[in-house]
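First the structure, in the form of structure tokens, and then the observations on it.
Chain lettering (A, B, C and D) follows the sequence in which the chains are written, and residue indices restart at 1 in each chain.
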Amino acid sequence: MVVVMYPQAKEEQVAEVDSRLTAMGFRAQVIYGAKRTVVAAVGDRRAIESLGLEALPGVEKVVPIMKPFKLASREVSEENTVIKVRGVTIGADQVAVIAGPCAVESREQLMKAAQAARRAGARFLRGGAFKPRTSPYSFQGMEEEGLKLLAEVSEQTGLVTVSEVIDEDSLERATAYIDILQIGTRNMQNFRLLKAAGQSNKPILLKRGLSATIEEWLMAAEYIMSEGNQSVILCERGIRTFETYTRNTLDLSAIPLVKSLSHLPVVVDPSHATGKRELVLPMTLAAVAAGADGLLVEMHPNPAKALCDGPQSLNPEQFLQLMESARPVAQAIGKTL
Amino acid sequence: MVVVMYPQAKEEQVAEVDSRLTAMGFRAQVIYGAKRTVVAAVGDRRAIESLGLEALPGVEKVVPIMKPFKLASREVSEENTVIKVRGVTIGADQVAVIAGPCAVESREQLMKAAQAARRAGARFLRGGAFKPRTSPYSFQGMEEEGLKLLAEVSEQTGLVTVSEVIDEDSLERATAYIDILQIGTRNMQNFRLLKAAGQSNKPILLKRGLSATIEEWLMAAEYIMSEGNQSVILCERGIRTFETYTRNTLDLSAIPLVKSLSHLPVVVDPSHATGKRELVLPMTLAAVAAGADGLLVEMHPNPAKALCDGPQSLNPEQFLQLMESARPVAQAIGKTL
Amino acid sequence: MVVVMYPQAKEEQVAEVDSRLTAMGFRAQVIYGAKRTVVAAVGDRRAIESLGLEALPGVEKVVPIMKPFKLASREVSEENTVIKVRGVTIGADQVAVIAGPCAVESREQLMKAAQAARRAGARFLRGGAFKPRTSPYSFQGMEEEGLKLLAEVSEQTGLVTVSEVIDEDSLERATAYIDILQIGTRNMQNFRLLKAAGQSNKPILLKRGLSATIEEWLMAAEYIMSEGNQSVILCERGIRTFETYTRNTLDLSAIPLVKSLSHLPVVVDPSHATGKRELVLPMTLAAVAAGADGLLVEMHPNPAKALCDGPQSLNPEQFLQLMESARPVAQAIGKTL
Amino acid sequence: MVVVMYPQAKEEQVAEVDSRLTAMGFRAQVIYGAKRTVVAAVGDRRAIESLGLEALPGVEKVVPIMKPFKLASREVSEENTVIKVRGVTIGADQVAVIAGPCAVESREQLMKAAQAARRAGARFLRGGAFKPRTSPYSFQGMEEEGLKLLAEVSEQTGLVTVSEVIDEDSLERATAYIDILQIGTRNMQNFRLLKAAGQSNKPILLKRGLSATIEEWLMAAEYIMSEGNQSVILCERGIRTFETYTRNTLDLSAIPLVKSLSHLPVVVDPSHATGKRELVLPMTLAAVAAGADGLLVEMHPNPAKALCDGPQSLNPEQFLQLMESARPVAQAIGKTL
């Protein structure tokens, strides 16, 4: 960390910064330039931040140098984390494909989606039972009944299930039925929920917040991990920008970037990222080529009748085609799908 | 709403859109242009959106025309909503000033802050007991003990209290001690919390999400109001942009914009918006001039020792000066402060 | 286009909108809803916009429905535009690879870069002679001498050259030496330059502006095309967002999106987009998989001594590896590279 | 500047960074932490950046500490720059009001606008003769004829004129007729134009780029100043964000921020920033309260017939009301208007 003093800072103000750092056990060095003085210190960022140096007289700004995350950091583990659920892995050489409808609507709808997923080669089934919706007047999900249908269909098809939780109550209920719990983009900084997820024994699929930096995203993972749950799967799903032709802007550079900063697996949701069915295929191929550990794809037996996100859902045929197109791209970079 | 058909859309595809709209009771009109056909309909946006028209063959896009909020809308009430708490109003001609520390740290700290607030003329005291922090390793608040201190100090000083709630549990506990419950920027779309707030009998101060559009913000208010609680105070606190010199970008145009779209009062938090103490005064004056119904200002008896947000906190003297500078601006636009 | 009237709009205000549209030859239809009235018209957007309806009393807003671009539009041509320069194509089945240094620094540097490019299989050489730099104190390019070196090296290696122009003067001078003229991100809305480029007989590589929407980008192409030059190559190079770990955010969804909206070829610059050498390879693979018609890659014989953009430049060996990695991805989607 | 080494960086890589810095005459200090080593140096940022340290092996990143601007910097002058044109000042205690139409359309239109401006107390007249338009099919301005009209009307009314230049040619022509030359938002990084403006003897009103950071904006001013012209007026006009209810997001915190970083005057354009007539008044009051040195307001004798930007233009009556409302706010902060 570097403390930049104002040009007119007094000698005793510099000394105060220096002594606060030294008192806490940091190696601080005062560096005098022609016009400015800075005080540099290397050490635990959290500890330094707690010193409140930015509020001291004479201090212009404090520039952090080190990353604030620890457990999620690549420095903790050179090896990639591989998460194994009911015999299927995420984070190894096979690209994990999670497919299914935005919302569980009925047994028939879910079973059709699951069969289409399995037929095309996917190993994971997604389906929302608790739906966070922008409008209070929109369909809010089947709740526990939806969870039961997911468990039932999973048993019949062997697919590993993924479903979103939105508070401590839904997390507790989902734990009884679901294999992987998803925390959605709007809850990425719902710290209570993150802590509860950290005490769960289920893997957590953590979506990137709508306008979360990579650092904030990894800090959200850190929340979960600091409570004991190391099985976190990160999911890039597009960020908010000024562009309006797409629902969000898919940030594929997040894949290699996160993989250099962290040992956690990263999957990509091209459906929510783009909001347009015709962009799902090319963005899937791009995600695979960029090194994504998995995909989260919205697929509905009948998109035109979907209770949510119809415009971005593939039908079973389109999904089959997507899988067939993605396989050679995976092979081209030495993976399977 | 306008359904734009693809240039190559077939006649029966247009007819299908038309008949779906008509079947639901909308007046639809098909308009034929030289190259394109569009179907226009006026009516309840939520009902139209539930038709899933965007997923029909031949449809290029659906352009919404009407606003999605109802109860929060200006169309519901030409008169401004005035919220009255323990004899003090928000939304009338007096600019409401809410001041206090980011976090309640001790009885002494809080009492000093409260006295400084009252001395300068503020009628509201803020202080965080439950702190949503980006890092799991940062100070998370005094929780219930902090609430008790707020109630105690409020009783002694007569100040109306404002404190943040972060889940259903903290909401329930705060209800026993606090006058106005705050929902923070990271929870603006925590829909469970919004619903719980809607069932509360306390006024809710709803901060704008970090990257929430005006429309999403008003829809979050709508969530609260649709559960029965009409006492919502909106709080602009800066949005996330590419600029890094400030913590966020304060969007003051949100004040007159929201006041034209909605009857709810709007207050401004210049402290979190800018993240810099020296910008708090000019942004306070600007907020008052732009017509803000209130201010939320961080003030700490000793900012250099604050457990959070020290760099943006005013000390009591600076706060006094802020109040004295803001008063003539309020008067210049026909208000008091 | 749809003209939305205020709820309290008077009948004669609606009539005025209707009659203005009708007088200009549009088919306007007035649609009466329960609370609102709208007037819908289909027709040339530019003509309708020139009517100034938004400023009429009673009008709340005007919502455009159609796209504003014409010549660049996919509706003009179902076939993709293929640009052929000295026997090499951009826009057909072979991914065009443009490689070379940010700035031409010397004959030796450029020749080494060119040889490395050719050895790896690239057919195009880039090199800046006129450099738009954020700081007036940074190296501004070799100007005409740089152009001459590009022409000389092109003659010896057979590589097709690409170089940036920054005003009418540099455009005129570059025309004598260079095969493809680049208009940079900061000049995407330098309309004088666009018009001059439209009168040139050279293909134009048009970079997307730092914060340009897809629509504005295509309108910039429209400027060039409306002056007669139909040979426009669009280049996605990252947009400005709140994320700071990367220089910009590469928007790969722009590739399929632009290809659905326009017939023009789209290439991708992963070097400027990310600003980090280690992200160039994965983003190259992703761009190819997403369907990019070409790549613009910074490569320097000795990046640590580059006069600009060293941190994002590959060295010749890394570039060779990139080409070898990208080839199977191109093949996986039915292309060559 | 701080050079952060990778955790696994070798001793000789650290030494190489150190010796490069020392060789260039910087005082470098190597700081060893528990896990990381950093090398800190204080000195001229431009000189350090030219060393290409970021591209050296073992270097993770280079974190700049000092600001890159010099002549525009507050460190050059504690006193505010006051610009005086034909007896009227910008940057002193009187808020400078610049009013007039988006585009000069005719002698009659301009004269009416000028008379309305003068009547209301404005001392400056704006009017575009060269219009940079997003669409090649929109009205592009009256060019030299517009300049002549501005000069003529200025002579008759005594108003100081402001008009936009878009390239070297229009700059040269405008110099003969106009008092203050404006460089628009799309040309903020048109470095050729900035240099030409730097060689002009006219004050330059430099608009902030659509997505320019404060730092880039001040660097654009630095371009002009480094060529010799110290009379630069900065103009905040809204930045691009995700919000769509307003045309741009007016960043009023830029006023006090720029005034702390620089000695140059800052004016605000509430018309382009918001794009909505009804937001111009409140944003004007806010800008004045925040300490703006001036205002740039679009006013047209008949907005419904304006050839551009009608929806955001005030009519003469509304402008008069704006001036009357702004005066007491200016007085409240110790200024006149």
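Methods note: a residue touches a chain if its C-beta (ideal position, glycine included) is under 8 Å from a C-beta of that chain, and two chains touch if they have at least 3 such contacts.
Note that this is a predicted model, so its numbers are computed, not measured.
When each chain is reduced to the average of its Cα atoms, A sits farthest from chain D.
Rounded to whole angstrom units, the spacing between the C-alpha centres of chain A and chain D is 38. If you average the CA atoms of chain B and of chain D, the two centres end up 31 Å from each other.
Centre to centre, using the average C-alpha position, chain A and chain B are separated by 26 Å.
Residue positions 211, 240-242, 244 of chain C each touch two or more of the other chains. If touching chains are joined by edges, the resulting network of the protein chains shown connects every chain directly with every other. By the touch rule above, chain B contacts chain A in their complex via residues 46, 49-50, 52, 54-57, 68, 132-139, 166-168, 186-187, 189-195, 210-211, 216, 219, 222-223, 226-227, 240, 277, 303-306, 310-311, 313. Listing the residues of chain C that touch chain A in their complex gives 211, 213-215, 239, 241-246, 249-253, 255-257, 260, 273-274, 276, 278-279, 282-283, 285-291, 325, 328-329, 331-333. Note for the complex: chain B touches chain C at residues 2, 4, 7, 27, 29, 31-38, 40-43, 63, 65-66, 75, 211, 240-242, 244.
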